[in-house]
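Sending over a structure as structure tokens; questions will come in a sec.
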Amino acid sequence: MAEITYLEALREGLAEEMARDDRVFVLGEDVGGFGGAFKVTEGLQQRFGEDRVIDTPIAETAIVGAAAGAAHMGLRPVCEMQFIDFISCAYSILTNYVATARYRAGLATPMVVRGPSGGYVRGGPFHSQNPEAAFLHTPGLKIVAPATARDAKGLIKAAIRDEDPVLYFEHKYLYRRIKEELPAGEEVLTPIGEARVAREGRDLSIITWSAMLWKSLEAAEKLAREDGLSVEVLDLRSLMPMDDAAIVATVRKTNRVLIVHEDTRTGGVAGEITARINDLAFEWLDAPVKRVCAHDVPLPYAPTLEDFVLPQVDDVVAAARWVAKY
Amino acid sequence: MTTTAASPAPPIPAGLTRDQLLELYYFMRLTRSLEEKLVNLYRQTKVVGGLFRSLGQEADAVGSAYALDRSQGDILSPLIRNLGSMLVQGATPLEVLRQYMAKAESPTRGRELNIHFNDLERGFLGQISHLGDMVPVMAGVTLSFRMRRQPRVGLVYVGDGAMSTGAFHEGINFAAVQRLPLVVIAENNGYAYSTPLFRQTAVGHLVEKAAGYGVRGEQADGNDVLAVYQVTRDAVDRARAGEGVTLIELLTYRRKGHAEHDNQSYVSREELTAWAAKDPIDRYLGQLTGSGWATPAELSAIDQRITGEIDAAVALCENEPMPAPGTALDGVTVTPPRAELEWYRRLDG
Amino acid sequence: MAKIDVPMPQMGESIAEGTLSKWLKKVGDPVKRDEPIFEISTDKVDAEIPAPAAGVLAEILVQEGQTVAVQTVVARLETDATVSPQPAAASPQPAAVSPQPAAVSPQPSAVSPAPPAPPAPPAVQPPAVQPSSRPAAQQPSPQPPGPSSLEERLRTKSSPLVRKMAAEHNLDITGIPGSGLAGRVTKNDVLSFLEAGPKSPLPTPQPPVPGPDGVRIVPGPVVEPWDGDRVEPWSRIRKLTADHMVMSRRVSAHVHSLIEVDYTRIAGVRSRQKAAYAERGVNLTFLAFIVSAVAGNLRKHPVLNACVMGESTLYRRDVNLGIAVALDWGLIVPVIRHADELNLLGTARAINDLAERARAKRLSPDEVQKGTFTITNPGVFGTLVGLPILNQPQAAILAVGAIVKRPAVVQAADGSDSIAIRTMGTLAMSYDHRIVDGADGDRFLADLRRTLEEFPEDAG
């Protein structure tokens, strides 16, 4: 079976679910005839019809709200945010209506909101965001962030099948740069709430997700070569729910943790993970939990600025060395 | 004294039957009486949270809701002054009382207040406090009707205030461009809390906004229940026929403050008096008896029945308990089904 | 008959009180259910309040004009019917001030709001590890007293994992060598320690003692006797020696230079002079020659006869040579004062005398003081080379290796080489590189060798 890109894997997952379950439909801006700004939904309207791949006006609140109404009635909508930066336009209806629907009203709302997040593409402040922290603390939402092609497919399928609203944050930098050969003849499903050990190690654990998985793996390689350090890399894959058991297991194994995420530092999810480690695995720590994040600034456009602000492999290496030496 | 054979009663308008006319009265009276009971309970501290009256708007709520076809599965989404709409769709006084009194047995298990509850089977989808949000949601509900080729219609209420929100704009625009079977009723009751209409919008009449969305606009006297019924019925029929969205402006008036704790100091007494004279229930009573469609005795019997129903409901639930504290953790998501207990609560075991 | 409370209602989420503006009924009046019985006035609204049940107004508790908090009982009704108990009192309005969280914390330093007991003290720094047993003659610590520094805390508390492992194995963290940040004990340090040594019960913790120049002394390993072992507590001399040796190694920058000396000539002189010396009551040993040669050369190389004083070099005027004597019970170093003023006979006599009285324990205190250079003689036991530890505060010490006959290459007058049997020995000098550079040491040794290899026949 040939290699496919992260984007193709995502599209494949979408298409498989739409073929398998005719309650699944897609709505968003330019997703139909145009196939989506990044072509994620290319070909879907031709295959499944205008009824099931709907081009909407520029109206994120309406996209999300309509998805909720349709989901109440038993359909399975998959909303696209053209850039995930625009999910904030739907923040109110997502957090006040969608997230609370089951709890306050017993209303089933099985819907997915997905979109390309992340930077390293010289996109400037409004085409590069990582919004997970804004939604992490809202009970009622699930959040996933695939890093591999396999998980891009596995998690979109799982998200569509989940009975709860799921935010699916794919990473635009990975779309065409990550390729993988997916197994033939087997259904690719990634359980939501389950992390994956991407690389085994003994001396230090890096906990990360999305594009930072690849930077962390590169850093781990470098540390093994140059420092003889054995670094374990844990790909969380799901941020809500988070795989506490996997986090505790890796802390118990290496006793030294570095959290790496692309989002800004203050209020970023690394703080939540650190608090959980403190709650669940304090006695296993042989060094303070450190984090590598973006600087606390809006993401600038110029390459020199963006490369400075966002975490790079060398940043991960330097931080890992500090933690390893503590 | 004998009379000559009374002139025959004029034909009942809007294709309604006499029983239906009485039903309309029943729902309007039930709305008002139930709210009055709630006021008493509120002043007796049995109702927690805020209390919102729809005094003066009973016709707008009941008449419009009545135009839906429950047998076809039409669904409406009420606002806070649409208790009448919910009662028409089958919500019960018992449910409403339990909601207001935060009882464990309330439809939302004590999780949401006043009439923010729903039953998609019976045909009502309760709102959230963020005004305008229900318009895109109902667009989604009616989208499902179209996708499933069901001849069902949705109806969503907005107030003069909610029409200013971005959510309203996005929702009606989306419904319009998708030609969804959605009727949007704008209840123009003159005020959004303390903000009068002229501070809310630059248009003279809310119906003018319909043109901005490319939808049909209608306007009617919101205090004339039969007129309300007629205009809504027409819009519902058009929607069911695939003709898309209608925006209906119902002209009415809110005779009480925004909530029971609002003394309406921003409203002149003259204005209130003037509108009291146009009270929808009084007008309808006049219409019913004046046209010979009902007798005062029949209507009085309905009043009694309503009092009995309400008192029975109160008696049934007023001593029911509030939800057990631990139940607060249930049902945020399907998986996991329960939120975690905070660690410091576990210290006592 | 039952009494029902009538409370002041809350008209609005942020309302906390209301004024009872007017009573519509008097005590004793009958009231119907929902009939208004009083009027209230709040910030937002005035209202008539209806009776919650039918009955008689039995008590009025709040008068007209009085302002009371929401939920205050303003009146009581006497009702006929068996009244079902009031439902669980309507809980405070949702927007009411949330109750202070009960400060359920096991930490004594938890801060609770309005505590009945005196407030807990602020979180205390982990106590500096300063038990009562501090070594005597403690130099003033460079660290300030009170809460310990980060270094101290790292050394004693380390990390949660290390503390856990230490507790599990009953170890004292401060007794384990640390390789982590600031000498912190890491997990691997603990593991290595456990692999190396046996598990031991918690001994008296040795405090990490800052040395005179602020250098941290690392306490040694914890040792446990096994079956059959014999424990001998140290004598005073042993303790002094032990302390001195460790201190010396820590304080000075020890460098060792070795030089090989051809003693053949001296051997000759000695054999020829031995008898004459014996008549004078003196045993002429090789050591006497060496001591004599050293004394003379120290005059020419004063830095070898010096010591470090703070950040200065202190050049001693006198040449007082200490001669290390191995006794049954330990090491002692009697001093030959003004050794450079003695001839060979005097030197030999002094050596004999001091050694003899040392063994007899008849040395006076000032005979073991004020040495400026020490000579030790491990060669007497056959040791080829010794690398001694400096006798503080002296800057140099010379170890005399065994003097033996060995084949050596000799050059004849005509330049040809041949093997001859020569009397050879190694001299090893340890010196303090803080003040004695390599060149100084080597030059001294070169001169010393020359002196020894050209020793005059008639030195006595």
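Each chain carries a letter (A, B and C) given by its place in the written order, and its residues are counted from 1.
The rule is simple: a residue touches a chain if its C-beta (ideal position, glycine included) is under 8 Å from a C-beta of that chain, and two chains touch if they have at least 3 such contacts.
Because the structure is predicted, anything quoted here is derived from the model rather than measured.
Averaging the CA coordinates per chain and comparing them to the mean over all protein CA atoms picks out A as nearest. Of all chains, the one whose CA centroid is most distant from that of chain C is B. Chain centres here are Cα averages; for chain B and chain C they lie 78 Å apart. The mean-CA centres of chain A and chain C are about 49 angstrom from one another, to the nearest whole unit. Put simply, the C-alpha centre of chain A and that of chain B have 41 angstrom between them. The set of chain C residues touching two or more other chains is empty. Residue positions of chain A with contacts to 2 or more other chains are absent. Residues 159-164, 180-181, 184, 186-187 of chain C are the ones touching chain A in the complex. Those residues of chain B whose C-beta lies close enough to touch chain A in the complex are 108, 111-112, 116-118, 120, 125-126, 128-130, 133, 135-145, 147, 166-167, 170-171, 173-174, 177-178, 331-336, 339, 343. Here chain B touches chain C in the complex through residues 40, 42-46, 48-50, 102, 113, 257, 259-263, 318-322, 344, 347, going by the rule given at the top. By the touch criterion stated above, chain C contacts chain B in their complex at residues 6-7, 9-13, 15, 34, 42, 44-50, 52, 71, 84-85, 87-88, 90-91, 93-94, 104-105. Contact residues on chain A toward chain C in their complex (touch as defined above): 255, 282-287, 325-326.
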